[in-house]
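Both of the next two complexes hold chain A, though its partner changes from chain B to chain C.
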Partner chain A sequence: MKYLKKYLYSQKVAPYIFVLPFVLSFLIFWVYPLISGITMSFQDIGFSKREWVGIENYAKLLRDKTFKLAISNSIEYMAWTIALLIPFPMIFAVMMDSRLTKAKGVWKAIMYIPALTSVVISGMLFRMMFSEADGSQMNKLMVWLGQQPIPWLKSKATSWLGLILLCCWRWTGVNMLYFLSGLKAIDSTLYEAADVDGCTAIQKFRHITLPLLQPTTIYVVTISVFAGLSMFLESFMLWGNNDSPKNIGLTIVGYLYKRGIQKNDMGYACAVGVVLLVIALLINFAQLIATGTIKIGKRKEE
Partner chain B sequence: MKKLVSLLLALCMLLSLGVASAEIADVEPLTVAGPDDATAKWDMWSFVDAHNEFYAQMVDKWNAENPDRTIQITFTTYPYADMHQKMLMSLQTGKGAPDMCDIEIGQFPNFIPADEEIPLYPMNDALVGYEDMVKARLDVYSGADGNRYGIPFHVGASVMYWNAEIFEKYNLDYKSVKTWEDYTELGRKLRDASNGEVYLTSVDTAGVDWMWIAMSSYGEDWTGGLDGEVNVQLDSVKKMLEMQQQWLEEGIAMISTDGHVDLEAGFANVSSGKIASFPKAMWYMSRFINYMPEMKGKYDIGLIPTFEAGQKCSVGIGGTGTVVTNQASEPELAAEWLVWAKCGAEGQKYIWDVLGFDVCNAAYWSDPAFAENEENIYNTFFRVKPYLVLQQLDELDAIGTIYSTANSPTINDYFCTTVLNNILEDGMDVDEALQDAADYIEFEID
Partner chain C sequence: MMKTQAVVDSKHANTKRAIGTVLVTGFFAILSAIIAFPLLAGLLASFHPGRELLQNGLSLNLNFDTMSLNNYIYLLSGNADSQKYFMWYGNSLELTIITVILTLLICYFVAYGMTMYRFKLGKILFFLVIATMCVPFEILLLPLYNEVTELGIINTIWGVMLPGLCSASTIFFFRQYLIGMPKELLEAARIDGCTEYGISVRIMMPLAKPAFASMAILCAMGSWNNMLWPMMVFRDADKFTLQIGLNTLLTPYGNDYDVLIAGSMFGILPIMVIFLLFQKYLIEGMTAGAVKG
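And then the complex of A and B:
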């Protein structure tokens, strides 16, 4: 007891004890799977066999058309989400922050509620809305507009409309809250000074809001890159399983799932996972360096 | 005041705890059949609740007959994909697998890899004495080592389901249809008579039944059988797809809503009379009972047309192979019970009367007491007694077999996602689409 007390009160040991739970979970649930994932990507794994095959999995990946399709789908999805889920939530946040908006609480709640629903349930709802049956909402709408019902989820353009709508519906509110908290941090005297100088609302947005929101924007872009590249459940639920017609909804993680879980080829699936990690890191580093969050070779100046 | 609030909060927490534990106590126990002091206790998984109900009945019957070696089984029903993935994982890691499990035929090849140790218990010995079982149905669940690993429920013979009421309404004769040419002609007549409102059939973009039927007619098999080469560029497949393209062009057929008819949307098309006929395995009869009871007396069952006279007009489609895993306790007894339950007389009767399957023990097909029993719901639901059709197929030796091999999941996967959509939805040239499929499959198998 005495020893324990001594350790707990010691300034050297106590911090380690406090970070221990995090370090342990980091080691067990992150570092260990990462290392074993990388090792497994060089193996051929079956029920009883586990053989080293060198870079064979990666060599096959290079020739794998389906994998290339999955990568392009994932990157395209990421691009769409960034293109739509940065500007619109930012505009909504500015509107929420404005004194002219009435009933802000209601608007915020309406925007945020979708984020509280589960992806599984919202995906199923969207699947029914976009069903090719004559009675689905979207086809009712088409008939109302004087068009023929169409099989929404069988072609890329129409099904991606659903996929991106689902994503925007879910995440607009969340991103808006990020921007809103960023806006709160901007000193209101800047706006007052701008008012005195006779700035228009657009000038204020362009020269005060946008630059000072940059840290928030960088953060939101970073998590959107990860979220976009690792998207799986939305596509899985929208098509009801991992098999979309002509693989129009197949993502990198979907392909990993298909190989590892559905086809029981863990080695190949791990190679897919490693490639996903590399792509995500490359994009994120490029973006963080470009925006100046990470500075290379400038340390001395500071 | 603060004290009061915190007291209330604490009370709330306590109460909710009480509610939670009460809920836990209320949870229904897993389905367990058999006494607690049984000789053997097993776990069993399935992806169909009705299968587990059947097994539970067979446990009780077994215990009545074998008081000296009673059994107890705990049943769990999982969703289809979940269960197969859990099975793969638990067999791979060597832990957590049930003693027995249902495995769907399309997934079966994943469990019997050709080049490594199979994690299942061979049932050759248990099957001795059940020689009347249709051999082809046992073959599809056999490993490359020649051992039998799965026990089937049904033959799954494919037949043509005809909405007789529609054809009567338009005064058309469907009974004389023998070849696909006749069928196409009937489709044209139906289209004209109904002003294009009723389609003769619906073609599938997410199912390969039609391809199997065509292959069976020509005696081909795209998996190449147990030791052949995969080849999807078959004449039979090409003929079927070109014919279907023509049907779509002429407005004779529609594309199955959501990909095939064994789905909610498919049931809607069948029961609303949007399509007038479709080929499907005999187990589809239970879909009528469960989802379309209002169709009683309207549907007829007959033989599927062929391209040329004398060809096989049916093929065994779908199925469930029940396995004993290598993690089972007392696997010998488990195999004995399983074979007794699924292949024995009482089991066969239940399988036909309740599940509505075409049983694998061919000796029963022509037994009137078994096959033509008026109390059987299926015998009164349709315009024909289903086993009479089965007898006809048997006499003609018309039920072909397409194998499920290690390459089957790859072929099915690509056809159901890409090839059939390319050809039927987008009208791609059949040769071109099949060439693309061949290239893809070659890469995958490599």
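And then the complex of A and C:
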């Protein structure tokens, strides 16, 4: 017993005991479900049956128009979030960093607050602001502009305005803080040198800020890509219970949830999950090449 | 002559600067007003009858004559609706507190093991930590749901917590923090006869306090606001967390909108208080990954 204790306390064994929880968690809650998810995607699973069907789920996916719609919705949403939630927060961060701005703490705090509210609460607020009732905020705005009130959440263009505003509302402040922390890491003497050389603000932004912010930009793009691709709850809340008219708000994860949980078709839903996994891995790979972590065809130069 | 020219120049620069300050600060004031708008509208709506929310939707309602504290009085009255609401609130609190404590302890020790010792497995495991961060959690949703059912912990707080206790991002943050610590401390403590576990608890843990503070806030926020996974694991209404419960009130009939809108505002409160108290730690924890890449 005493020997065992000494063994467990030794400098050789201690590190393994420290990392043991991660190893267990990794195997039980990551590797196992990943493998079982891939296995299930080749099966037909119902209440009492579970049989192998080969690639039938995937063949069905290829013909499934709803699934294609879900993929294009997810990618479209991701594209919007990147187009809006990278440049604007970056510009806001540069402005916030300026010595001219007063009461910075107040603005930063207010801009961060949306990120504290849960998807349920923020989704509920936006759903009601975009309600088709005459008294909703958006319809009041329409009347003020001399237009007729419209059912906002029933057509794609108007409801997506709500969806994207919801996303921007929640994440603008967060992304601005990311860029601000990136700006803090830039050596201020570079700007002083540029001032001496008589550079304009735009030149300084283009030639100092933008290139030196690159690590932060890569980070923010990465999290935006994954958050955009796997978006579900925003749409779940905005339209209520994952049901949008003509599936205008259906996303990949929304479809996975609908088939797996709401319709109990686990095998097919797992195939949807595997497709999402493949898309995520492709993006990871593309990004590693783009950022130069993996180099292809450049061996000769070395 | 030269002197007056300089004075004019500096005056000119001062006016220019003042205009710049007004423009930039004004810009952020307007932006903040726009961003605060939905929550402000929600807060004002919580003082109006829930019926109005159903009939009119949400808008900035500045009709102070019809405002009252009735929704909040109803929420705190102790009747059936109020009891239900505070049961959810209590469930969320319980889940959040246990999750934060366990996640921080486990992730700290894992990160400690990975950074304080030189062994091959440590490096491999760190690579795996990064790998798990590169796969969206939603992919594992259904197989994890099956697994949790098979393990018999569905519909329990453990079913919600266990899969996420070894949070990759928390381990990553602790590692970034610990890697900057002087390793000589360990040697000194060893010579003094401290055990390996003693060092990790008594020497390093106090030094890592700021890291604990940052991660506690982020983890608490995540857990309090978490919705998708708890919604799948909890089946009984008496186990629901606040977020799941609020979602059940959001019916097309709107008979519970009094509780919904007042309860939502009351539900943001704990997070808001923590944020205002510990803003500095939160921002540090959040942005740690962004600079170092």
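Observations on the structure shown:
In this text, the second predicted complex is superposed on the first by the 280 of 302 C-alpha atoms of A that agree within 3 Å, B and C clash if a C-alpha of one lies under 4 Å from a C-alpha of the other, contacts with A are read in each partner's own complex, and residues count from 1 in each chain.
One rule holds in what follows: a residue touches a chain if its C-beta (ideal position, glycine included) is under 8 Å from a C-beta of that chain, and two chains touch if they have at least 3 such contacts.
Everything numeric in this text was worked out from a predicted model, so none of it was measured.
Of the two partners chain B and chain C, more residues of chain A are touched by C. Of the two partner chains placed by the overlay, chain B and chain C both lie in contact with A:Ala133.
Once the two complexes are overlaid on the shared chain, A:Leu100 sits against chain C while remaining clear of chain B. Of the two partner chains, chain C is the only one that A:Asn284 touches; chain B does not reach it.
Look at A:Ile261: by the touch rule set out above, it reaches both chain B and chain C.
In the superposed model, A:Gly46 lies in contact with chain B only, and not with chain C. In the superposition on chain A, A:Phe18 makes contact with chain C only, not with chain B. Of the two partner chains, chain C is the only one touched by A:Leu276; chain B is not. Once both structures are placed on chain A, chain A residues 131-133, 261, 266 are touched by chain B and, in the other complex, by chain C.
By the touch criterion given at the top, residues 45-49, 60, 63-66, 131-133, 151, 154-155, 241, 243-247, 261-264, 266 of chain A touch chain B in their complex. Contact residues of chain A toward chain C in the complex are 9-11, 14-19, 21-23, 25-26, 28-30, 32-34, 36-37, 40, 92, 95-96, 98, 100-103, 106-107, 109-114, 116-122, 124-137, 139-140, 169, 172-174, 177-178, 180-182, 184-185, 215-216, 218-220, 226, 229-230, 232-233, 237, 240, 253, 256-257, 260-261, 266, 269-270, 273-274, 276-277, 280-281, 284. Chain C meets chain A in the complex at residues 17, 20-21, 24-25, 27-29, 31-32, 35-36, 38-39, 41-42, 45, 52-53, 55-60, 106, 109-110, 112-114, 116-117, 119, 121-122, 125, 128-129, 132, 134-147, 162-163, 165-166, 171, 190, 195-197, 200, 221, 224-225, 227-228, 232, 243, 246-247, 250, 252, 260, 264, 267-268, 271-272, 275-276, 279, 283, 286-287, 289-293. Residues of chain B that touch chain A in their complex: 81, 85, 88-89, 91-92, 110, 113, 115-119, 205-206, 255, 257-258, 265, 268, 409, 413, 416-418, 421-422, 425, 440, 443, 446.
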